[in-house]
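In the two complexes that follow, subunit A is the common piece, with subunit B as its partner first and subunit C second.
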Partner chain A sequence: MWVNRTRTDIKAIGHYTGVLVAGIGLLMLLPMVVAVFLGEWAVTLDYLCGVTIAVGAGRLLMLSAPAGTRLSHSNALIVTGIAWLAASLAAAVPLALSGNYGSFLDALFDALSGLTTSGLTLVQDLDHMSLAHNMWRHLTHLIGGQGIVVAALSFAIGLRGGAVSLYQAEGRDERIMPNVMHGARFIWFVTAVWVTLGTIALSTLNIVRGMTVVRGGLHAFFATVATFDTGGFGPMSQNALYYHSPVFEFITLLLMLAGTLNFNLHADIWRGDRGELMSNIEARTLAINMGLLSLAVALGLSATKLFGSSWEVVRKGVYHIVSANSGTGHQTLYASQWATDVGGLAFAAVVLAMAFGGMASSTAGGIKALRVGVIVKGVIQKVRQSLAPPSAVIRTKYHHLTEQTLTDELVSGALLVFVLYVVTYISGGLIGAAYGYPMASALFESVSATANVGLSTGITSPMMPTGLKIVYMLQMWAGRLEFITLFAVIASAGLAFRNKKVRAL
Partner chain B sequence: MRRIAATLALIVVIALPASAAAAPLSATQILDQRAKLDGQQVALIGEAIGDVLHADEGDVWLNVLSDGTALGVYLPAEMADAVHVLGDYRHAGDIVLVTGEYRRACDQHGGDMDIHATALEVVAPGSVTERPIEFWKFGLAGFGLVLTGASVLYARYKRRVTDGA
Partner chain C sequence: MENRFHSPYKHWIRGLFSEVVLLSLFVIALALIGVAVVWAR
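Moving on to the complex of A and B:
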């Protein structure tokens, strides 16, 4: 049975969407402060516009229902789905005013890409972009990576009646702490620790290498946030290649791995239970996945004979596999090299790494290691059942935070999301090909968008067709919400439209 | 004005007919011909951007941008001293002509694409980029402020009415 939204439901949805939009507006105060500190007055004005418009629009939406209005789980799903789009619209305002985007749509693309921690970009003349605008681009990774709702919860901005529902609707059904507010704060605590460590390490490196303290510190913060939140934006057009440093690559490699860890595993490590990391099905699946794909990419790169030593092959191979698997999207190759220089095997390995993705309850995207692990266990169970006597009862156990028994429901749930991802990957690839791009490159870009990775063969550029920009935006949005939330939004909108039509007849 | 002059200088130098060995190329042209130019002496022209980054004893990295592509140039520190303005938000960087060996996957630098420079010349000096305030944006900010103020006041009014009832 389809449940129609009542007027009260719609008002509650409007109110909480408004809270989140106003929250995004308040967060724009941070780049505004940076702009003032750096004396970037024209940029300060861009953020004054951004703050006032987002807070104003948010407050206006909040008027639809009184504060503390109860939010049901299904309404929370819709708020979460809409919030990513509404927050992107608000976040795009200062970017559109920066002069670095060809249109508002391009700025919106980057805002959505930032919030979904994808990292695909349509920015122009990035090498001359202001540091304050770069601060905002990278902060969108931080806000989106931790989750818009988690961000709002942590700063306690008026989510009283809908906190638990929204927290769960954002895909965090695994409770890290018994209390959602504590869970949200723990996520920020882990993030703060890693961001501080990363920023200190990279700042030291940058300053030692000759950057000024302010520029070196800001670049370090940008790189850390983009890496730990598995986003992939960079303040320079060359991305990670700008720094020409194996030390930079090593530090960001560690941050990518930390970013792709389930926050529950971070909590276990924090509590001193390192055994969980060894026995967890997700951690094991991801390790096997990265190991096999790194081997494949190394073999593929060796076959091209482009790289002169095995060290080069390992350095390029491991960095890009971890970048792809974690959903970060940092690259030390030029976009056009993917299609021509790395060879078929390495290219395919990177596409697979992007498609599989990192861990659940992390900032990574893609199908996720937990689902891949559950599906593999499910296949093994089926094989065991087919070989066992008819009377035998075959049970499969696996360890994910606790000992769990594999059920048909779990396997079918994982398969459902797996199929949805694969269908979206292929559909996006076909659409790209229909626009005239080579199929392999189009598939690469489609997987990168849906799995929120950000690696690019060069298709994503300000010159690409508007239709394809919208397709990739939908893919980034769908991938971040893992489809079901997006379907809930579409179904609700469809029902509302149908009811309106019926009433009109 | 100085930025326009620098850009014109860049266009003129790229467009000038010259001998094949010395013909200045943009970073995009080099990237597009990477297989053909691998291991060859090339002349790259473009804007010095960002930072001069220390590499190892006596050598630095300079990134050169032209046609929307930036390429890493590895060169001795004293050669990089000729560069005075690096491109960023506030500056259009010096336009430099770099001559050196192009490496599609440099064995010395972990397989990165780069140019090992043997000569660097500043073709046009960099300049300060004016970033004037666009006053129409005050109107936009004002609209946002009015929107915020009106919604806050209306919320208060509604609360007072509800409390009164």
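Moving on to the complex of A and C:
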């Protein structure tokens, strides 16, 4: 049955969307402080405008219902869906004023790409962008990676009455802790520890290699946030290639892998249960996946003779497989090399790595290792059933935090999301091809957008057609919310439109 | 039953250290796969 939204529902949706937009506005105070500290006065004004517009619009929306209004699960889905767009609109304001974007749409593309931790970018002259604007671009990864709702919950920003529903609607169906507020804070605690460690390690490296303390420290912070949150933005146009350092690549590899770990796994390991990492179906699936794809990429790259030494083949191959599989999108190759130089096998391995994605309840995107593992187990169970006598009852168990039994419902749920991802990957590829791009490159870019990765063959650029920019934005949004939330927003909008039409007749 | 969410700091530091070590070993394992493939060709 389709449920129509009542006026009270719409007011509650407006209120909670307002809370989240106002929260984004308040977070813009951080780059504003950086701009003041660095004496970037024009940039300070950009953020003053951003804060005023976001907090003002958020407060206005909040007036639609009193604080603490109850939010049903279905309304929470709609708030989450709308909030990611509304937050992107707010986050795009200072970027659009920066002078580094051709239009507001381009700034919105980057804001959405940042919040969804995709990392595709339409920025122009990035190498001369102010540090405060770069700070905001990377903070969008940090906010979006943990989840806008999680961010708001952690700082106890007025979500009373809708906390549990919103938390689940954001794609976190597993509770790390019995209390969602504590769960949200744990997520931020783990992130804070890893980001601090990563920033210290990379700052030291940058300073030793000749950067000033401020620049080295900020670059380290940006790189750490972009890797742990599996985002992929970088402060320089050459991305990770700019640093030309195996030590930088090793540290960011660790950060990417830590970022793609399920926060429940972090919780278990941090309480001393290290065995969970070895027995968890998700960890095993991801490890096997990365192992096989590393093998394929090494075979592919060594066949092309692109690199002079075996060391370079392994260094580039492993880096890109982990970057793609974790959904980060940092690259140490030039974008154009994907289509021309790396060869078919390495290209296909990277596309598959992006498509599969990281772990559930992490900052990674894509189909997710848990679903791939469940589907593989489901296939094995079917084969066992077909070979067993008709009277035999076949049960398959797997370990994911606890011992679990595979059910048809679990397998069909995983298959449904798998199919939705594959259809979106292919549809985006076909649309890109319809705009005149080579099919392989268009598919690569489509997978990268939907799985929130950020690797690019060069199609994503300020010069790309407006229609394709909008398609990639929809793909990033749908991929981050894993489709169901998006469908809930579309269905509700469709119902509201139909009812309005009926009333008008 | 042990409360998994109120672990002492000692456990957290050990856990973090384990993560760093295990993930480093995993990166080395991936690199070794690559080396083996290149060497075999």
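In this text, the second predicted complex is superposed on the first by the 505 of 505 C-alpha atoms of A that agree within 3 Å, B and C clash if a C-alpha of one lies under 4 Å from a C-alpha of the other, contacts with A are read in each partner's own complex, and residues count from 1 in each chain.
We adopt the following convention: contacts are C-beta pairs under 8 Å (C-beta built on N, C-alpha and C of every residue); 3 or more make two chains touch, one makes a residue touch a chain.
Note that the coordinates shown come from a computational prediction; the quantities given were computed from them, not determined experimentally.
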{"item": "Dominant contact partner of subunit A by residue count, subunit C or subunit B", "value": "B"}
{"item": "Partner chain in contact with A:186 - subunit B first, subunit C second, else both or neither", "value": "second"}
{"item": "Contacts of A:313 with subunit B and subunit C, given as first, second, both or neither", "value": "both"}
{"item": "Partner chain in contact with A:299 - subunit B first, subunit C second, else both or neither", "value": "second"}
{"item": "Shared subunit A contacts, counted only where both subunit B and subunit C touch the same residue", "value": "313"}
{"item": "Residue ranges of subunit C in contact with subunit A within the complex", "value": "2, 4-5, 7, 11-12, 14-16, 18-20, 22-24, 26-27, 29-31, 33-35, 37-39, 41"}
{"item": "Residue ranges of subunit B touching subunit A (in the complex, touch as defined)", "value": "31-32, 34, 49-55, 60-61, 63, 65, 68-70, 72, 74, 87-89, 92, 104-105, 107, 109-114, 129, 131-134, 137-138, 140-141, 143-148, 150-152, 154-155, 158, 162"}
{"item": "Partner subunit B, residues of subunit A touching it in the complex", "value": "40-43, 45-46, 48-49, 51-57, 59-60, 62-63, 66, 97, 125, 127-131, 208-211, 215, 236-238, 241-246, 249, 306-309, 311-313, 315-316, 332-334, 336-337, 341"}
{"item": "Subunit A - residues contacting subunit C, complex", "value": "177, 182, 186, 193, 197, 250, 253-254, 257-258, 261, 266-274, 277, 287, 290-291, 294-295, 297-299, 302-303, 310, 313-314, 317-318, 321-322"}
